[in-house]
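Paired with chain B in one complex and with chain C in the other, chain A is shared by the two complexes that follow.
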Partner chain A sequence: MTVGSITGHRKRRWGKYVMPYLFIAVPLLSFIIFVFIPMLVSFWWSLNDYSGIQPPRFIGFQNYIDLFTRDKYFLQALRNTSIFVLLGMSIGPTLGLLTAILLNQKVNFQAIFRTAYYLPVMTSLVVVSTIWVMLYNQNGLFNSILHAIGIQPVRWLSNPSIALVSVAIASIWQGFGFETVIFLAALQSIPRELYEAAMIDGANGWQQFRYITVPSLRFVIAFVYIYGIIGSYQVFDQVFVMTSGGPVHSTTTLVYYLFSKFQDLRLGYASAIAYILFAILVVFSLIELRLSREK
Partner chain B sequence: MRINKVLIGMLLIMSFVLGACGSGAQQPAASNEKVTITVWDYYGEATPIKPLIEGFQKENPNITVQYEALDWDTTLEKLNVVTTGGTPPDVVTTDMTWIPKFAALGGFTDLKPLSGGKLNGEAWDQAYTPGGLEAITYKDQIVAALYDFDVYALYYRADLLEQKGLQVPKTWDELKDVSLKLAEGDKYLYQWGADTFHGSQWIYENGGDLLSADNKTVVFNSPEAVAATQTYLDLLTNKSAIYWGADQGERIQGIKDGRIAMFSDGPYNMGIMKSAAPEMAGKWKVALHPYGKQPGSYLGGTGLAIPAQAKQKEAAWKFIEYAMRVENQIGVYTYAGAAPALTAALQSPEVNVADPYFGGQKPFDVFLEAMKTAKHFPYVRQWNDIDVAFSTAMEQIGLGQKPVKDALDEAAAIATDALSK
Partner chain C sequence: MNRHRTSTRDLFGRFGIYLVLIASSILMVIPFYWSVSTSLKLEQFVFASPPQWWPSPLTFQNYISVFTKIHFQTYFFNSVFVALVTTFAHVFFDTLAAYAFAKLTFPGRDKIFFFMLLGLMVPFQVNLIPLYRIMSTLSWTNTYLALIVPNLTGVFGIFLMRQYLISIPNDLLDAARIDGCGEFGVFRRVVLPLAVPGIATLIILTFMGTWNDFLWPRIVTSSEALYTLPVGLAQLQMKNTSNEAQIMAGTVLTALPMILVFLFMQRQFIEGMTAGALKE
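Moving on, here comes the complex of A and B:
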């Protein structure tokens, strides 16, 4: 009797501790095989001169040293990407919040507006970029408008000091619908009573926004910015379609540069770039982790 | 019991894995054994390769061709992936600009021993022009069979020249003069390309080069090269050329709307013009690009290569030889509108015909002439770095960001550093 009850107890404990791992076994294994091991291999490559065809040659941190001391184009890509992130993040979320606040009002055809703002997010980036290339064309819509009001045409994509901004504008247009939807969901979860109480206390619109809306959205705002930064640092498609990184490397981003090194079968060098990008993203992910823990 | 089952299961899995490994290393099939070869083709819809398969399989009933249509970008990407670990195709269309990388890394099979020194019974050096043979040779190996070739010549609006009583320019001075007289504001301009293809042409035409003959020194900032690039820039400065950037759109738009009256490009462009700008028929002609000291152009095109790890090299070579027969080479022109690389095919009456689109001239006479002095880009592993540095300089020059010499010197320093690695 006693023996039987002990085995029964053990079985239950076994079930308690092992079963959960069985349930997550498939995602865990696929993570290890398809993410973790490739990451380790990629890190090993980044310490080698490796083409994929010839055997790797161990060179320590030489790839990393070369990137920062000999590779002008890499440093430019790093700077371009940071400017792109800064441009996107200073406009995108704000635009998303404003749109969300407007959509949160009682407006007619609200559903249509919501769909319209979200539509670009669901559209392939390649399609969006191709459309924007047409808009930016020398004889495209934007220059036609400028021409009509008597302004010289702008070389949106072939002027090195403008091209990155042009790419960023297209990206913001494509992406802010996502932020709108997130903010809208968050806005609608703020209890109405708070606003009612504030109104009774005589708070005006701005005060309501400043002391109720913003604090309530604090974590959502942090989420939108962190994920926006992480996503923007990985910008590739727009650059690939619109400018191929040019003119004069003014739109070369980290991932685009990495890709070009991969195309040249410099797998070790490309892996080193990937790890530098990884380090940047880890920093922002840690910030996000910290913020969400404070919650 | 349970342990036994697990063991049996593991043994089964292991035998499966080992079996799979074993089959991967199989020997080339004997001539009557049934084999399948995979062919990757980047030509697209107007491919001259796909129509060959039926006839090839009829002649070789033991070989099945598994055909995959890809585009240029995808072919390059997939080739990168499979050569670094995977199952490569047996035959692949390769752009000659990919040769430096793949050949330097030993990614392609040497066709010399496989072919017994002959292409369809003809010695390699008989089948191709010297420049053509040089383009497929890497360190005494033949790494591809040149299938179509690309050299740059001048496309020009013959109708406008005639209207204005101008002669076709033969020298740079004449080009400067003609382009200036042709230009009307932002119309009828010379298309200014800020890339290595165009920039190198001007340097070659002035007796300069990108690298020294031994590929060890960067020379694209030599006095001849600087002078050539300055002359090229003069066309922009005196407003008889148009800088073609990302917001100008496709060139064909500029051809159609009259922004472009002259440009330099290869024979493949004839097919594009005929299909995309049929209304321009009879208005354009082709001539040798004007030069300073001597005619010059890069030499490229499409090669048919066998990746080093391909399994069925014998059968793959049979397919390449079949594709390189003169009667099949003609298809490069009739299907794709490009220039067949075999001299015999290029001079055949089917290919070298008077072309009504180009005012009744025989354009291939011009391209064959240009091919005689054309040379392929240097075959060094660092070619991509050199290409990027040089084209960056061309952009800086064309956009007026830097004086010619400064830009070329700076690019030369970067390229020299790359060469030293």
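Moving on, here comes the complex of A and C:
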């Protein structure tokens, strides 16, 4: 250190004040350019009549007013999406918890079963949807099985009153393995002594579930539902591949509708749809934030 | 304990558990089995009645067609290339930034971190249209740049890595600094090796997310030369003229790499997927 404390000093300042900013420079710039600015611009466009070709024309909240008062397809998309979320959330997490509890009963070959449930989770939604389109075909596997037991074929994806349910079934099949894995990990972290103590006190299986399992899992359950809701509200890939929003708009979801308005070059209108989706999701994100803070 | 009460009832209970697990696992696997089996059938037997559980005759023609008539190898290359570059970039940039946020002190650190965390709340669809405009203004649509550059780094990855790095003892970093390491040296020699489990998680999440991504590549590419596998597959599926057995060969080829990676890295996968949920 005899050579010079000045260079050493400069080096320390460089290390202390310049390096950290260099380390975060790319992520920060990327965030500003690709997330933050587009987010603001999108809001601005939602207040404009904008086609992407002509310059934007400011119209205040007219897009939002039109969406809620004049656009029955938007209202239908909102309703379809909510039904899709409701269907998924009333079945998916329950199925995930049930399979996790079964897997947690010290079964042999646990890893193999878990793999089976998990396989669709890491498969692309486009692949899953493509396979299900074939299964749902008029002459596909499902109708063949129904035929064999003497039931009339079902028009899974072409009957407007069934198509949304069919898309939801495929989505639940695809996704609940994620919840199984999350719940299984959480179940395995509950201390065994709790159950042993409860058994000594004479608690039966249901009481153990009600008074030990559910309270221990409450944050994980909340996480699963909130992320499930947030994810399901953004449903797009399945609809795009399986039904293109049809028949007669019966499976058009918010993001699919946004996508179709984007393709019609109604960019201001599409941005307003995006912000309505954003508003719905923010409510759930805030609940999650609140809960994780409580934790 | 209650061993003497282990009765026929428990035995039936165990039996019931296995029965439900086996039956539901079969339900999970059947669609995959059906797509593989269909991909090996001649087109006229795809919807045969009664259904052909085992292809007869068994043919590999669909796989050959997928590479000769449709340019699946192009989609395959694009998917691999985009996923690999994106994953490498995420590992480098996310971990480096996470290190700065977790272990270095500098003015504005927490404010900047909090500002970026807000990004976790913004759904991608909100940014989609302006982002597309940025790409078209730069003439980046239908290039790899549009597929890669907006996704070089991400707030979620930084957040995840910060959770891992924050537990590294400061003494270890100070020791390296005293030994004459610069901050980047500390990062490369001390932080990176210690962050390997976290990086494995980050690699899996990023690779899987990019490999399976559909909306963005669908919007930003219109030329077949730039399609990734999901985009190419969806386009193929939507053509009425497409051959169902060929489409199934396409789904198998799209899903297989991910499934193979999963089978080899199962533990990391499961840990990765649960990391976000169980780590607060």
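The rule is simple: the second predicted complex is superposed on the first by the 268 of 295 C-alpha atoms of A that agree within 3 Å, B and C clash if a C-alpha of one lies under 4 Å from a C-alpha of the other, contacts with A are read in each partner's own complex, and residues count from 1 in each chain.
In the analysis below, a residue touches a chain if its C-beta (ideal position, glycine included) is under 8 Å from a C-beta of that chain, and two chains touch if they have at least 3 such contacts.
Note that the structure is a prediction, hence the values are computed from the model and not measured.
Once the two complexes are overlaid through chain A, chain B and chain C clash, as defined at the top of the document.
One of chain B and chain C touches more residues of chain A, and that partner is C.
When both complexes are overlaid on chain A, the residue A:W173 reaches chain C alone and has no touch with chain B.
By the document's definition of touching, of the two partners only chain C reaches A:W45; chain B does not. Legend: residue contacts after superposition of the two complexes on their common chain; A:N137 is shown touching both chain B and chain C. In the superposition on chain A, A:G246 makes contact with chain B only, while chain C stays out of contact range.
In the superposed pair of complexes, A:F262 makes contact with chain B and with chain C alike. Within the three-chain superposition, the chain C stretch that clashes with chain B turns out to be 133-141, the only such case among 61-69, 133-141, 151-159 or 187-195. Put simply, chain A uses residues 52, 133, 137, 139-140, 244, 262, 267 to touch chain B in one complex and chain C in the other. Only residues 76-77, 80, 83-85, 101, 105-107, 194, 243, 245-249, 257, 308, 384-385, 388, 392, 395-396, 399, 401, 414, 417 of chain B touch chain A when the two sit together in their complex. Looking at the complex, you find that chain C touches chain A at residues 1-2, 14, 17-18, 20-21, 24-25, 27-29, 31-32, 34-35, 38, 46-47, 49-51, 93-94, 96-97, 99-101, 104-107, 109, 112, 116, 119-134, 150, 152-155, 158, 182-184, 187, 208, 211-212, 214-215, 218-219, 229-231, 233-234, 237-238, 244, 247-248, 250-251, 254-255, 258-259, 262-263, 266, 269-270, 273-274, 277-278, 280. If you check the complex, the residues on chain A that touch chain B are 51-54, 70, 72-73, 133, 136-140, 155-160, 163, 242-244, 246-249, 260, 262-265, 267. Contact residues on chain A toward chain C in their complex (touch as defined above): 11, 15-17, 19-21, 23-24, 26-28, 30-31, 33-39, 41-42, 45, 52, 99, 102-103, 105, 107, 111-128, 130-135, 137, 139-141, 144, 147-148, 173, 177-178, 181-182, 185-186, 189, 199, 220, 223-224, 227, 230, 234, 236-237, 240-241, 244, 255, 258-259, 262, 267, 270-271, 274-275, 277-278, 281-282, 285, 292, 295.
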